[in-house]
Amino acid sequence: MTDRVSFWEWIGFRSVGGIAEAGWGRTLVVAVVSFIYFLPVLFIIFTAIKPQGLALSVPPTLSPTSFFGLIPDQFVFTPTLDNFASVFSRVMTAGGQPESTGFDRFFFNSIVIASASVLLALVIGTLAAYGFSRYPLKGNDTYLFVILTTRMLPAIVVIIPVILMFRAVGLSGSYLGIIMLYAAFNLAFTVWMMKSFFDELSTDVEDAARIDGSSEIKVFFKICLPQVVAGLAATFVFGLILTWNEFLFALLLTGPDTRTVPVAMNQAVSSGGRGTDWTLLAAIETLFLVPVFLATFFLQDHLLRGVTFGTVRK
Amino acid sequence: MTATREINSIVMAAGLAASLVLGTTFAFAGDVTLTMAVPDWPPTRIMKKFFDEQYKPKSGNTVKLQVDFIPWPDFYTRVNASLTSGEKKYNFIVSDSQWLGAFVEGGYFRKINDLLNADPEFMKTFKDIHPNALNSYSTYPHKSENYYGFPQFPDVLVNFARKDIICHEAEQKNFMAKFNQKLPCTSEELDAMTWDDFKNVGEFFRRKKGEMLAGKPAEDDFYGIAFQAGKSYDFSSMQINGFIWQMGGDIWDETQAPTSKAEGVVNSPAAVKALEKYLSLIAYMPPLAKTGTMDIFKSDELFRQGKVAMSVNWIGLAEASLDPKTSRVSDNLVFGMMPGTKGADGKLVRWSNIGGQPFVLTTWTTDAQIKEAVEFVKWWLSSNIQHQFAAAGGQSAIKSVYSDPKYVTYRPWNRAWAPSLDWQKDVWHVPQFFELLTQQQDQYDLAITGRQDAKTTQDNIAKFQQRLLKEVGLIQ
Amino acid sequence: MSTIEIRDLTKKFGTFVAVKDANLSVAAGETVCLLGPSGCGKTTTLRTIAGLERATAGDVVIAGRRVNHLPPEKRDIAMVFQFYALYPALSVGRNIAMPLHREAIGSAEVAARVRKVADILHLRDILDRLPGQISEGEKQRAAVARAIVRDPKCFLFDEPLSRLDVELRHSMRGQIKAVLSNLTKATVIVTHDQLEALTMADRIAIMRDGLIEQVGSPHEVFAKPANVFVASFIGTPQMNLIDAQFKGYGNGKAKVVFDEQDVDLSVHPAVANLKTGRVTVGIRPRAFSVVSEDTRDTIDAMAELIEPMGAETLIHARTKTGSDIRVVVPRDKRVKIGEALHLVPDPAQTHVFADDGKAVRA
Amino acid sequence: MQLMSTIRSAKTAPALLELSADNWRLAVLVGLVVSALAVVTLPASGSFWVVGAMSALVAAAFAVNAYRRRYYGGLLVAPAIAVLFVMNIFPLLWSLGLSFFAYQSNLQSIRFVGLNNYIKVLTDEVAAPGNWSALINTAMFAVCTVSAQMIVGFLLAMLFAKQFPLRKYLLILVLTPMMLSVVASGVFFTYYYDPTFGILSYVINSVAGGQFIVMDSKAGAVAGIVFADAWMWSPFVMLLVLAGLVSVPKYLYEAAAIDRVSAWRRFWSITFPYIRGLLMLALLFRTIEAFKLADLVIVLTKGGNDTMTISYHLIRIANEQNKTSEGAAISYIILFIVIVLTNLYLYVANPKNREA
């Protein structure tokens, strides 16, 4: 026996069969919206596999396939992987041989610098958050606010002192310097986020463990930390997204060997002195999207838990 | 653990970390590394390539040229931060000619008179540079005897045009019918163009999609002309200065400071008329011009994509239009000098703002490095290398090189090079360059996007310059 | 008329069958308890009646109208949730008033009705507090108040007392029963607590694994359990269920063998129709009389553990072969550990269940 | 020293000259002496590491001391404070100091001018109008882009609030824009908006005919920037709101269905209280970011069509023109505004204050 299902129910805005569960109808509606939202990104990805000459064609070419005749031929292009090859090696001077662009190194740098700095911030920040949460200092809120303040100023203000400092101590152009700097910039976020997680934990279990004679170190590692894994994962993803695309510090504080992709990407924005090399830029951006996309995807389940900051708690 | 042992281990660990971070900077005597900050584009890539392949230092030392290729959009930011923070990282820096004052006054760029005086051969090569280029690229104060830079990639504005459009019979006929004048088609005819002719071309070739263009229906909207009219950096001033000079006006003259004035000069009727003329051409450009973002790259892109018939742009961007991979019009190009203005004597006045970049030495470069640096520069400016450079798409400002008959065969635009050089002037070199430039660009943007008339624009610029330069003592 | 009826109701979650072919009707003014261990499908049944779940097959009929396709808000029902589901951001008073917003009545009338139910449930003093600021018992009463403030077609309670302590639970049972008895609505209460069901229900539906095993008055399900499961589920201490061999029937007595004892038990005459073979004999712990003689009518066992329960004493006795038999005797009957007991079951409280688990009574 | 203040000492401190890992007084003494010697005798890059090692030694002594005497709070917080101090707070204080001097970084002359920089950037007839109009533009951008992000983010969150098939895969699609580099996506937006090559113009031109130029008016340019910015950052708001939405217990909605609560009342009585805090948080974070809006403006308009923002203006002053101290003054004015807004947020977000 089938019952009439209203349209609204079908797309999950009103449901009899399980309030929090919606069916494929909802999937269809959200898929349409998500697809439209994703279109500008999709266009970049498609540009990455476009032949260079078609990047600025009018009418614009939109898709590598006609999707069974859905898209008229004039909007369809033949996909190519050449652009991805040019990211790493291409002709730099007229009539010259293809030479390495150094992008393999830049990708490596980006991954090392972003992950190391986010992890460092996570370690230091989690400890601090635990301290702020469990052993409040005099003026605890002031410390927290000052920490937040460090994220409010435009980066350009601190850049000159930072360059001077780095120069004085020989950190300019080194991995260590930029990693420390990024770690500092991620700290504010990490401390605030992790503190809210520790605040949410019940202290009963910890106290019980203390009474059983566990050391403070053991309480932290064995009792608290396992309960905030979701928070750690979410903080990592957010930190990664914020650090991954940082431009200004990377431009000014990295050398040719430690340069990151966002800086080198401008090679394609002004390619060889002419304007933007659209397909090359798209290829770089597409490749550059992959690591952070994967990280987000695999840690996605923790994201929603991660962002509540304890504000939901009553 | 006792405190002493702690100290020992910590010091050792720190030492280890230090050596890891700083890297081994020990070098053998006789090894010289010259570090160079350059924008990432073919002329600098070629320089590096030639060095690696061909350079044999006379001293017998091992000389390495370590080049930091920085993408163009961030080049100034990076170099400026490196210099002003005292990073002392680079021995050579490619610099726009206008930056000279700012960085000479700051004590970053090294005066090279002593090096020239010590080496007659060097001096001879140096003096073979075209005087206009030499003044622009090397002198501070402008046109003084204090020398700083050597041409890396000298550049001028030229006229790019599409033969398939402008030489088409039907278009030629119709143009004649409309303007009672021949539509320029050959290089020589392009050379002879005035801005009025340029405007006619703009007006004539405005076609809507589907209208006939060179015997075929146009695939897309088509426009006659393109040139720089963008807000960022100097992407309108470089063009407008040419108009002002050609029509008898002037910009604030730094060589006469502190007696020269900005008010009354910058907003003179001639300058206002020149800006009006420039603005009157904007209407014939592709629609992007109305947004104030028609920079040199966008106008070049529109030309390469076949959306305009003629475009005034730097030679430095021309290489891409010849390459079929990046240009839809590569088969049908013809180049001429930038249009001029008829002077009182009936001859064309062709003043234009010089482009391109010199490279300079920095003050912290050591004597050992300087010795090798001078040898390197001499090698770079030597006839053989300059010819090779030009053959690979570069330009040379050395008289003996560009006046060689071979020179015009390297690239189609090279025939315009030598005559253009005689008509080059340069914008200010004073340390306040960027302040003057940003304010002027902002004002020009207002005029270009139709928010402000030419008179108000030049008045505002003059007023600002007068005040600023007075404040710093450059105007009495 | 306020009635509830479910017909052949089946609810599947994917391949899991939560409720299977359930049939139940609740008359106006009647209270039916759905009783069963956790996971038996009782809450699913209730939620399906409420419209919070959609029936896979079968019908839900409320007040004579098939409501399968109707969302909860169109079924005109009131429900008390296990966790009360008070709106945390609203005061108790505004919580209680929530269901009234759809009624076409003025705010004065709303206030009056809220006051009325607040009086009934002694909530007068805490109407302005937030749910986070009141006790569990008050929350429970507020949830009930919110349910009865309106005049719906029926009431549904989901484990209404499970979060209260024993004492509160006792008093709330009485209060809810009192409130419900004044209303002439069909009411369904879900509970896993048989005492709750026995005291509050007019009828009890016992469920297991998605099936309704028996529906009957509290007396019926206690005195005449339909099968081994119901027999074991209802009554404390649990009924003794003894595996035995049925050897035959004569003289109103069944001859059974268990644990190497031959026993003649007085049982329901319908047992006569049973074939010989395996049966389960069910005897309530309170149904034994202890006699001094070992006869064929007695079950013999040795007292092993004695638990005084106040007025009565619970004896765990063990037969020779090790079966455990629970016996409840009055307090004054002294039994020592190790003492041999000869037990005679009360025939009216002796049930024989056939091999398929069903009681043999007809 | 905050390390000292938390809990009273359980053990007695070691004597000054006793060699003990928790003898921080000795460590400070040794550290100061060795550092001073190193600074005098070694070049900067060498002495830095000696001073660094000494700081580490002192820090280690403090740490051991704190651990033995159970000053856990200070012990745990100290590394973070130290890193922040060196990398952030110290440079910030440096620029705060610079804002009271006349200093142009490329000229290397410096002189104390007190509050003159602040007075100049706020009142000077040449410098101030640009600052004010950039500030007003920034406020306008903040209002437009933050509200756009809040609305779009909220609507997206509503879409994703329920569990449905493939939700995980669709969610990641919507999250992708915020993973893009601002420069790359900004450059592609210039393409989308381009009147000759762009998709938007192509579509509008073919549907409506005529010539469509998005960015040729202030309204168009602002809309173009806001659209791109909101597109990139609405997912951030969405994540926050979604976290609030999924934390609403399911049974509350069920109760609301039984109680026949209207959708409107259900939202305000049940859903909204759960997301209010998160909405305010999103508002805070996005407002802070909106005050830093520069990259997109640089890429899309270069500040043309009256879209100059204070952050871009600041970059031009502090970086291009090297007017470091004037730039510092402007940034501290921005900081002041942001701190005022932040406190306003913290005041409004705290229920105690709201109800009082």
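Structural remarks
Think of it as A, B, C and D in the order they're written, each chain with its own count starting at 1.
Note that a residue touches a chain if its C-beta (ideal position, glycine included) is under 8 Å from a C-beta of that chain, and two chains touch if they have at least 3 such contacts.
Because the structure is predicted, anything quoted here is derived from the model rather than measured.
Ranked by the number of C-beta pairs in contact, the top chain pair here is A-D.
Taking the mean of each chain's C-alpha atoms, the chain closest to the overall C-alpha centroid is A. Most remote from chain B, judged by the distance between CA-atom centroids, is C. Per-chain Cα centroids separate chain A from chain B by 38 Å. Chain A and chain C have centres, each the mean of its CA atoms, that are 55 Å apart. Computed centre separation for the pair chain C/chain D is 60 angstrom, with centres defined by C-alpha atoms.
With touch defined as above, residues shared between interfaces to two or more other chains in chain C number as follows: 51-52, 71-72, 88. Counting partner chains per residue, chain D shows two or more touched chains at residues 45, 49, 52, 105, 196-197, 254, 257, 319, 324. Counting partners per residue, chain B has 17, 22, 77, 81, 84-85, 220, 305 as the residues that reach two or more other chains. Taken together, the chain B residues at the contact with chain D in this complex read 1-4, 6-7, 10-11, 13-15, 17-18, 22, 76-77, 80-81, 83-85, 102-103, 105-108, 220-221, 230-232, 286-288, 290-293, 302, 305, 307, 431, 434-435, 438, 442, 445, 449, 464, 467-468. By the touch rule above, chain A contacts chain D in their complex via residues 12, 19-24, 26-27, 29-31, 33-35, 37-38, 40-41, 43-44, 47, 56, 58-60, 124-125, 127-128, 130-132, 134-138, 143, 146-162, 165, 168-170, 180-181, 183-185, 187-188, 191, 216, 241, 244-245, 247, 261-262, 265-266, 269, 276, 278, 281-282, 284-285, 288-289, 292-293, 296-297, 300-301, 303-309, 311-312. By the touch criterion stated above, chain D contacts chain A in their complex at residues 2, 5-6, 44-45, 48-49, 52, 72-77, 79-81, 83-84, 86-92, 94-95, 98, 105, 156, 159-160, 162-168, 170-185, 187-189, 191-192, 196-199, 202, 206, 231, 239-240, 242-244, 246-247, 250, 253-254, 257, 274, 277-278, 281, 288, 291-292, 294-295, 311, 314-315, 318-319, 324, 327-328, 331, 334-335, 338-339, 342. Across the complex, chain A meets chain B through its residues 52-53, 56, 58, 92-96, 159-160, 163-164, 167, 170-176, 251-252, 255-256, 263-267, 269-270, 272-277. Looking at the complex, you find that chain D touches chain C at residues 249, 251-252, 254-262, 265, 269-270, 272-273.
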